[in-house]
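The following blocks contain the structures, represented as structure tokens.
There are two complexes below, and they share subunit A, which is joined by subunit B in the first and by subunit C in the second.
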Partner chain A sequence: MSKPYFISVFDDEQKLLAGIKAAKDKNVKIDEIYTPYPMHEVIEAMGKKSRFTFAAFVYGFLAVISILSFLYYTSVIDWPINYGGKPTSAFPSFIIITLVLTIASITILSLFTFSIRAKIYPGKKYIMPDLRATDDKFIMVFEEENSGSKFEDLNKMLMDCGAEEVYKKEL
Partner chain B sequence: MYKAEVRGPLILGNKSYSQITSDIIAPIDNKAPLWWKIAMGVSLTAAAWGVVALYMTVRYGLGTWAVNNSVAWGWEIINFVWWIGIGHAGTAFSIFLLILRQKWRTSINRAAEAMTVFAVICAAIFPAIHMGRVWLAFYIFPYPNTRGPLWVNFNSPLFWDFIAISAYLLISASFWYFGMVPDFASIRDKATSKVKKAIYGLLAFGWTGSTKEWLRYEGLSYILGGIAAVLVVSVHSIVSTDFASSVIPGWHTTLFPPYFVVGAIFSGFAMVMTLMITIRKFYNLQQYVTDSHLNAIARILVFISLIMGTAYATEVFIAWYGGNEYEMFTFFHNRITGTYTFMFWAMITCNAIIPQLMWSKKIRSNITVLFIISLIINVGMWYERYNIVVTSLAKDYLPSSWTVYHPTWVEVGIYIGTLGIFLTGVLFFFRYIPMIAISEVKSVLKPTSVTKYTKNH
Partner chain C sequence: MDTNVTLSKKYNMIAFGLMAIGLLALAYGFFTTAGRTWANILLNNYYFLSLTMGASFFFCLQYITQSGWSAMFRRVPEAIMTYIPYAGVVMLLLFFGVQNIYHWAIHDASVNDAIIAHKSPYLNVPFFFIRILIIFAAWIILTRYLRKLSLEEDKIGGTQYLEKIEFWSKVFIFVLAITFSIGAFDWIMSIEVHWFSTIFAFKSFASAFYHGTALVALIVILLHERGYFPQLNESHLLDFSRYMFGLSIIWGYLYFAQFMLIWFSNLPEETIYYVKRWNNGWVVFFILNFAINWLIPFVLLLPQKLDKNIKVVKYIAILLLVGMWLEQYELVMPELTTTPHFGIVEIGGIVCFAGLFMFVIGRALIKAPLIPKNHPYIEESLYHHVH
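What follows is the complex of A and B.
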């Protein structure tokens, strides 16, 4: 079901940052911000943090253990082969293959994590508040119900910060 | 406008964000130019020859090649190593420069990554067909099978190679693709035709540019970047151990891994230079790929050329200093002099001597000369691989097994075919994909975004 939203449009990152600050100062809840390129200040202002790197470390850790166990199982337990009298459990020569397979595992798992957490996948139905967000505008969106502010007040506050326009839209 | 302290402005012409989008997606909106159609025709013809040559190989077997008991690795392995080398630049460019926070990479990384993906696909063809019975290539996958179960040899560099190249292709293709997702969304939202909106909409995976998406996007870039940097070094080191772990004179040396990795980055950067000069010339993107960008690549090439020269000199020196007569023979009587003299000196001239011209600022600012030098380096790197593969095998320990190797038309055909496949891929890239990373270029347009961005890391 669609809900009413206030959409504010900025043409400059500094003005957007001023808008965010003003909204925070007045305790107006920002629903989401859309930018044409990644902006760390905006991500921080939204209070978003990612544990992606930690997840990648866990993937790598589990991958190393699984791969080494697999190599040990195949080369020592399941089908040991005598290569010119060399030991079957040849740990040093397992290192490179473990490294490469770990990298492959982290890649695949990270791609899935990204797809699931950022909800980015083929055929996804998306809602784009303002199409200009992928071109040249910085879009800040407030949900009417949760924002705790009236349109007129919000409009004045954001226009004072340099917003290009503020409008109401059902999303 | 962001102005790097050393390098000057990264993008010229006081662009607005919207202009950047329009400039970069213009080739996708406009009709294909005549040169593009002609180039596509030539590339497809070359690729078709390759397909015929591949058919001959699969239909009649490796007897259609000139490889024999002595020179068991011919043009196929030369070309495999050459393509893999070229395929190194994309990752080296994007990832090393990403990790080192080099902002000037933003105009170049997309094309370099595209090149990587196409080059690695071309490279992968060679070891596959070299197996002889390519339809049994799946035997190399380590899976529980009905042959014992007989597992693959996990101690073999040849197997490592297979895994490393597959992983490299996976990681560079995904790094490239996910880098393009925000740009596909830009095209989707600017598109006027329904078909284009639908196609780029599908490719954009529902991207909206929200903070939630950017946060994870950045995370993914750094994770893939960090681990792929390790892969850049390991892939070509592994390729070099295919050679170095044997006992063939000229191959059996500990210099090989760093020598191969540096050589790969050298040829890759040269190909990046070739490609970027082409892009800026044919698509009028001089304000994005500035003279300063080409100057920076030229400086890197001079530096790597010095390392290459040192590596060549080290090989020859160690052959003499080590006192091994077979090594002495290989280097002094079979490379510096002997049947393959031309290949050796072509390698030295193209890779170690001619790039030194780029010490001169005049040469570095002459785009035509830079273009020619970049092509010369790629030819030189091909000769380097010829030197390594053929000279050592043609005359090893036993004079009774000495032979001279010349490729057949089938072998030449496969090589020409891969050139065709590569160029076809690159031409499709020129036509349908934003050649420069739109969102990344926007992020370096204003000084505030860059300083804050850098400070946070």
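What follows is the complex of A and C.
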């Protein structure tokens, strides 16, 4: 199951960015980058675009429609109750429930979406290529098969960019 | 860096022209419909005053949160703050028309009306104007002091001014919370003397903050179009949009909260307020108000691409300024006229106050360098970048 990976360690974010640039110039495919803190430059450099906000909007839109129609069905069609002479289709009083339930739906659905997209589930064993990424090092990981590059070339390229070390590891 | 704004000769001419046209229209109004004219003066004065207070709250908030992004824009709310004394003078001028607007100010009103009689220890003409004096004195002293500190920082520099302004900003927003509530109760809510809403002050304040921010954004964009804030980038626009977007939700929430509770409890003395705003053609303003102040900004500012678009932000800010006028119109007018009027008096009122506002802001803007020099966060602001 385990595959060979090249793991490079940087101690400075500027050096890491230089490494990313060099890898891009030479068409070496980066598998993953681990940083001690979120770096927008990394997200941009990896060419990852988040459609998360759009997904949240769609969830919210669907939630509003379904909650309002559910409320309409229960309080107007299925079981109309007269509250102090108010019309059964009491739209303003539906709004609060809709608002709260929409927030809840978006939150929960976003959580599941994120878990599915990131392949995270309870009890999953997390593989950390290099534990120093949780400390103060920046880790860039290449998969040997996909990177399309030999270890020696990669080593030289990254060392030129200021990498601390580059090593091979089975994960 | 140390560019001062220069106004073209046209600017002041336009401002004075607007004032002159407005004054003529208001004078015409006094001879034909005095009551409506006084109502328009109150309406427009309160409109520009709440924009001013919103902008001053925006200014204070930047210091209290120690925001870096907005450091270079702070001269704009500072310039808007200088309008407060003028609004105070106009508020005091209401003395001559107080009986045209406020039912409780008519001496005989409390004789046959138990509610007005009960409220008269608070709502009476002398105390009303004493409150105006106290409120405006507090605002003028505090905002002048903030402005003075801000200008001193330009000359001397150092972090002590940041801390000082931050402290006095905290004092100011504390004072503002109390005085603005009293002001909103006095000037607007007491027009309908039998009615009350405990959320009214907060709603008015949220509206002022919301639209004041839109005004700051609009002036910044207008200055940028004339070449003054060359550093204005998408990140600044995104932050302005976030302010407007967030506040549109708060505004909509409070507006709806007041309506919902009154609608739900269905007490005649409370619902009459909305009955008036639902009949005789006022419903158009009621719906327009909600659409302009909440629906349109909310929908348009949702996608981040539009948030960063200078044209979109500019037109939304303009739309919000119209929206706030509609909101105030819908608060003030239904109590005083049975059907909506939009004629020469209304236009004259807006034009007159807009001219005055333009003149005051322009005069304050040219006095100091547009971009503050020694602000500790100025570099962060000039090269602001968010994702």
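FYI, the second predicted complex is superposed on the first by the 171 of 171 C-alpha atoms of A that agree within 3 Å, B and C clash if a C-alpha of one lies under 4 Å from a C-alpha of the other, contacts with A are read in each partner's own complex, and residues count from 1 in each chain.
Simple rule for what comes next: a contact is a pair of C-beta atoms (placed from the backbone, for glycine too) under 8 Å apart; a residue touches a chain by one contact, two chains touch by 3 or more.
Small disclaimer: the values here were computed from a predicted structure and weren't measured.
A.B. asks: Let's test your reading of the overlay: on subunit A, do subunit B and subunit C clash or fit side by side?
C.D. replies: clash
A.B. asks: Taking the superposition on A as described, I'd like to know which of subunit B and subunit C A:96 touches: first, second, both or neither.
C.D. replies: It touches subunit B and subunit C both.
A.B. asks: Between subunit B (first) and subunit C (second), which does A:162 come into contact with in this model arrangement: first, second, both, or neither?
C.D. replies: neither
A.B. asks: Between subunit B (first) and subunit C (second), which does A:118 come into contact with in this model arrangement: first, second, both, or neither?
C.D. replies: Touch partner of A:118: subunit B, not subunit C.
A.B. asks: What is the contact status of A:40 with respect to subunit B (first) and subunit C (second): first, second, both, or neither?
C.D. replies: Both subunit B and subunit C are touched by A:40.
A.B. asks: In the superposed arrangement, which partner chain does A:107 touch: subunit B (first), subunit C (second), both, or neither?
C.D. replies: It touches subunit B, and subunit C stays clear.
A.B. asks: Touching A:48 in the superposition: subunit B (first), subunit C (second), both, neither?
C.D. replies: first
A.B. asks: When both complexes are superposed, which of subunit B and subunit C contacts more residues belonging to subunit A?
C.D. replies: Looking at subunit A, the partner in contact with more of its residues is B.
A.B. asks: Residues on subunit A in contact with subunit B in one complex and with subunit C in the other?
C.D. replies: 40, 43, 53, 86, 93, 96
A.B. asks: Would you tell me which residues of subunit A are touching subunit C in their complex?
C.D. replies: On the subunit A side, the touching residues are 40, 43-44, 53, 57, 84-86, 92-93, 95-96.
A.B. asks: Touching residues of subunit B toward subunit A in the complex: what are they?
C.D. replies: My answer: residues 16-18, 21, 142, 148-151, 153-155, 159-160, 163-164, 166-167, 170-171, 174, 178, 181-182, 185-186, 188-190, 202, 205-220, 222-224, 227-228, 230-231, 234, 238, 439-440, 442-443, 446, 448-449, 452-453, 456.
A.B. asks: Looking at the complex, which residues from subunit C come into contact with subunit A?
C.D. replies: So the residues of subunit C touching subunit A come out as 256, 259-260, 263-264, 266, 302, 304, 387.
A.B. asks: For subunit A, which residues count as touching subunit B in their complex?
C.D. replies: The contact residues of subunit A facing subunit B are 13-14, 32-43, 46, 48-50, 52-53, 56, 71, 74-75, 78-79, 81, 83, 86, 90, 93-94, 96-97, 99-101, 103-104, 106-108, 110-111, 114-115, 117-128, 131-136.
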